[in-house]
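Letters A, B, C and D mark the chains as written, and numbering starts fresh at 1 in each.
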């Protein structure tokens, strides 16, 4: 196995039990992760804290105690500026910058070494790098769907990172940008919400043949499937739960400026395969690039209301180990 | 002694130790008041709570526990709407009304039977009385300096109260409206702040002879006293620490609609005399009116930075007992 | 899009089971209380609430008669849009307190419209994703006699 | 009036004794901290703060480099005017955290301008009494090495 890649798990993976199970908390997540042999984690402030963007001092103390008790290391802090929180106006860039410094301070308090932060305009990068160094915390801008690494905007940041050549700034590619086909759990979820299987299959087959969402919706109705569930299915497959050819070339280009990865996934089956995302190919490219660092597991099964985070996280780690051991 | 009048003490009397003494709290006030034989009190939310206008639930619980432990009864709640708390605009009357209902709810939670509330326009009185009855809490509008009972505005409220004839609304006359001459502690305080005795005496002697503040200040300077302390003394004696003939007739008129009294005072000497305010005369009028109810001791020595609240409150109670015993 | 708003799968948790209660404060004053949660994966500032309407048995409860309590603080509904420093955590229950006339014991149709902007999902200047956290349930009322807090 | 503002007698308590400290968070980041109180007989909403300026040894600390903490929450100075639901109790200390370059140990001249409106002492529409809670003191700095909160 390639020892240049290590693993962490984002506590976001446990969204479903965190929201739903009374009494379930970070201690339960840590106990589970230690059993898995994982000691690094990412914590998302807006999800895990009951005060945000700056958690209560007692929340921070509680987290530090849990780190100690379970031997866990906060690898990264999922901050991010809520630029729309003030009713009636958007924050301007200066305010976003100031709130980004808050995120750095919070990351420092909880002992994280990375901040998943909010993307600021290019001319802010030198100042941001300066503060990142001052705080001793690397700031990563997430490349998240529907963005693709080849997008002009991402490539401009890449160029700026190269020019600045600071170890304190970089990307966090989220593997959700590489969904090539719908996960089986998405299909099941759409059917549970009332879509006919035929609707789902038709929408998938016609997603990338030049038709619009509206055209496909007309076709599905013509097939006799005009229910709300059918409409939701078409809409989601063209929208929020979209898929398409993976941008491997773009991925290759950003690897030299990547700080760590969000190992986003939707379902790893019992054969340790994530059919929606080509982890074999992606991890192959990561290793090929000479990258040293961390794959941060980020399960998103709560999107389909699945309460199987522990099993899925365990499979995801096992899948990555298996793939890397063959490289 | 006239048993129709009983006594309570506003915790506001202890402003100086409350602000200044580390560790000093409501338990200390209650322990002292029980020694004095006092079991009724008023509490001022904006002073005693660390969250306002609605205190934290734990603050309310803490207060209820102290009531229990010391056998104290919250007679009145000093609420009041901060109509200027929102930057850039004043609250309108509807908002003040709504916040007054908040005050009623807080009064109810802490178990008070009276609310010292914010004066609302006359057309609100029926609604206010309705809610006061619903909550079982009488609402008093304070008559506070520089208002005088004979003022047209107060007399309009008196008329409206008479017309409404509700037991749930009335006045809380504050004896600070009857300051006839500066308290010796005010004079001492002005001298401590740098005023010459001659300045103080000259300003007092010329306060009510038709001269303006500016004229008196010119005269004092001509006497050779042009320091900042002298200027403060003239300014205070014409302004915030003013004095003048007491409006006894006005007082007589409002007694029939009075819920309780704020026994404001500045200094009771060792002979149990408050030289600034004619308690003999005022209590005589109260008894004469047939009033049954409560004198709420309200010491304001913290205005002169005096840390003698316990002694002064004890003297104030003793003074009132002595006066009432002779009536 | 068939749905104008994003809806997550926690709709059944929004109106907290067994939380509908009529609290009697003395003889003449009562309030109807109810605990609610967000239908979202993360918490939100109260300022992000863009639509709020509560219906009891089909009748709108005037928003001026509703107070929202969170973390020991209380807010009028029309104050919420200012509260960008008050954070409603995704595991936290907020309590709605409604000032109403008499309400009978037993089952009631509770219908809450609760929509909010997702303050980081910005589509265009001033335009954010709208999350629909509305919910409707038949809830059984219980009565509590209460003095003090 | 010789004084444009009302000043109460607690001026000596505004800059809390022994509270000036330089906190080192790791090798390259430090902040200067200081506890402050109101000079008033009652508490105030943070929105009531109308003037704030901190000078250290005669030099203004840019307000953008200052954060005010109260009850476990943190506010930028230019956010204060919005905070009408954040109450600063009269017994409570707020903490100022300033991001500055190196500061030497020993005595420093700390000069705080802090004025606020008294939100119930309304003289005319939009006009409230101004309370001057400013204070100046020589304070001795101590240094604290800190990791975490």
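Methods note: a residue touches a chain if its C-beta (ideal position, glycine included) is under 8 Å from a C-beta of that chain, and two chains touch if they have at least 3 such contacts.
Just so we're clear, the structure is a prediction, and the values are computed from it rather than from any experiment.
K.L.:
Among the other chains, which touch chain B and chain C together?
P.N.:
The shared contacts of chain B and chain C, listed by label, come to D.
K.L.:
If I rank A-D and B-D by number of C-beta contact pairs, which comes first?
P.N.:
B-D
K.L.:
Averaging each chain's C-alpha atoms to get its centre, pick out the one most distant from chain D.
P.N.:
A
K.L.:
Taking each chain's centre as its mean C-alpha position, how far apart are chain A and chain D in Å?
P.N.:
40
K.L.:
Go ahead and note the Å separation of the Cα centroids belonging to chain C and chain D.
P.N.:
The mean C-alpha positions of chain C and chain D differ by 36 Å.
K.L.:
Can you give the whole-Å distance between the Cα centres of chain B and chain D?
P.N.:
30
K.L.:
Quick one: report the Å distance separating chain A from chain B, using the average Cα coordinate of each chain.
P.N.:
61
K.L.:
Listing for chain C: what residues touch at least two other chains?
P.N.:
Correct list: 73, 82, 84.
K.L.:
Can you list the chain B residues in contact with two or more other chains?
P.N.:
51 - these are the residues of chain B that touch more than one other chain.
K.L.:
Which chains are in touch, pair by pair?
P.N.:
Every touching chain pair, ordered by label, is A-C, A-D, B-C, B-D, C-D.
K.L.:
Could you pull out which chain D residues touch chain A in their complex?
P.N.:
Checking each residue of chain D against chain A gives 25-29, 64, 72-74, 76, 147-149.
K.L.:
Please name which positions on chain A make contact with chain D in the complex.
P.N.:
Contact set of chain A toward chain D: 51, 54, 56-58, 60-61, 64, 98, 102, 108-111, 133-136.
K.L.:
Show me the residue ranges of chain A that touch chain C in the complex, using the header's touch definition.
P.N.:
Spelled out, the residues of chain A in touch with chain C are 12, 15, 18-20, 44, 46-47, 49-52, 80-90, 118, 228, 231-232, 235, 239-240, 302-305.
K.L.:
Show me the residue ranges of chain C that touch chain A in the complex, using the header's touch definition.
P.N.:
Residues 1-3, 6, 9-10, 13, 41-43, 45, 47-48, 71, 81-82, 84, 87, 89-92, 117-120, 122, 125-126, 128.
K.L.:
Once bound in the complex, which stretches of chain D touch chain C?
P.N.:
Per the stated touch rule, the residues are 73, 75, 79, 82-86.
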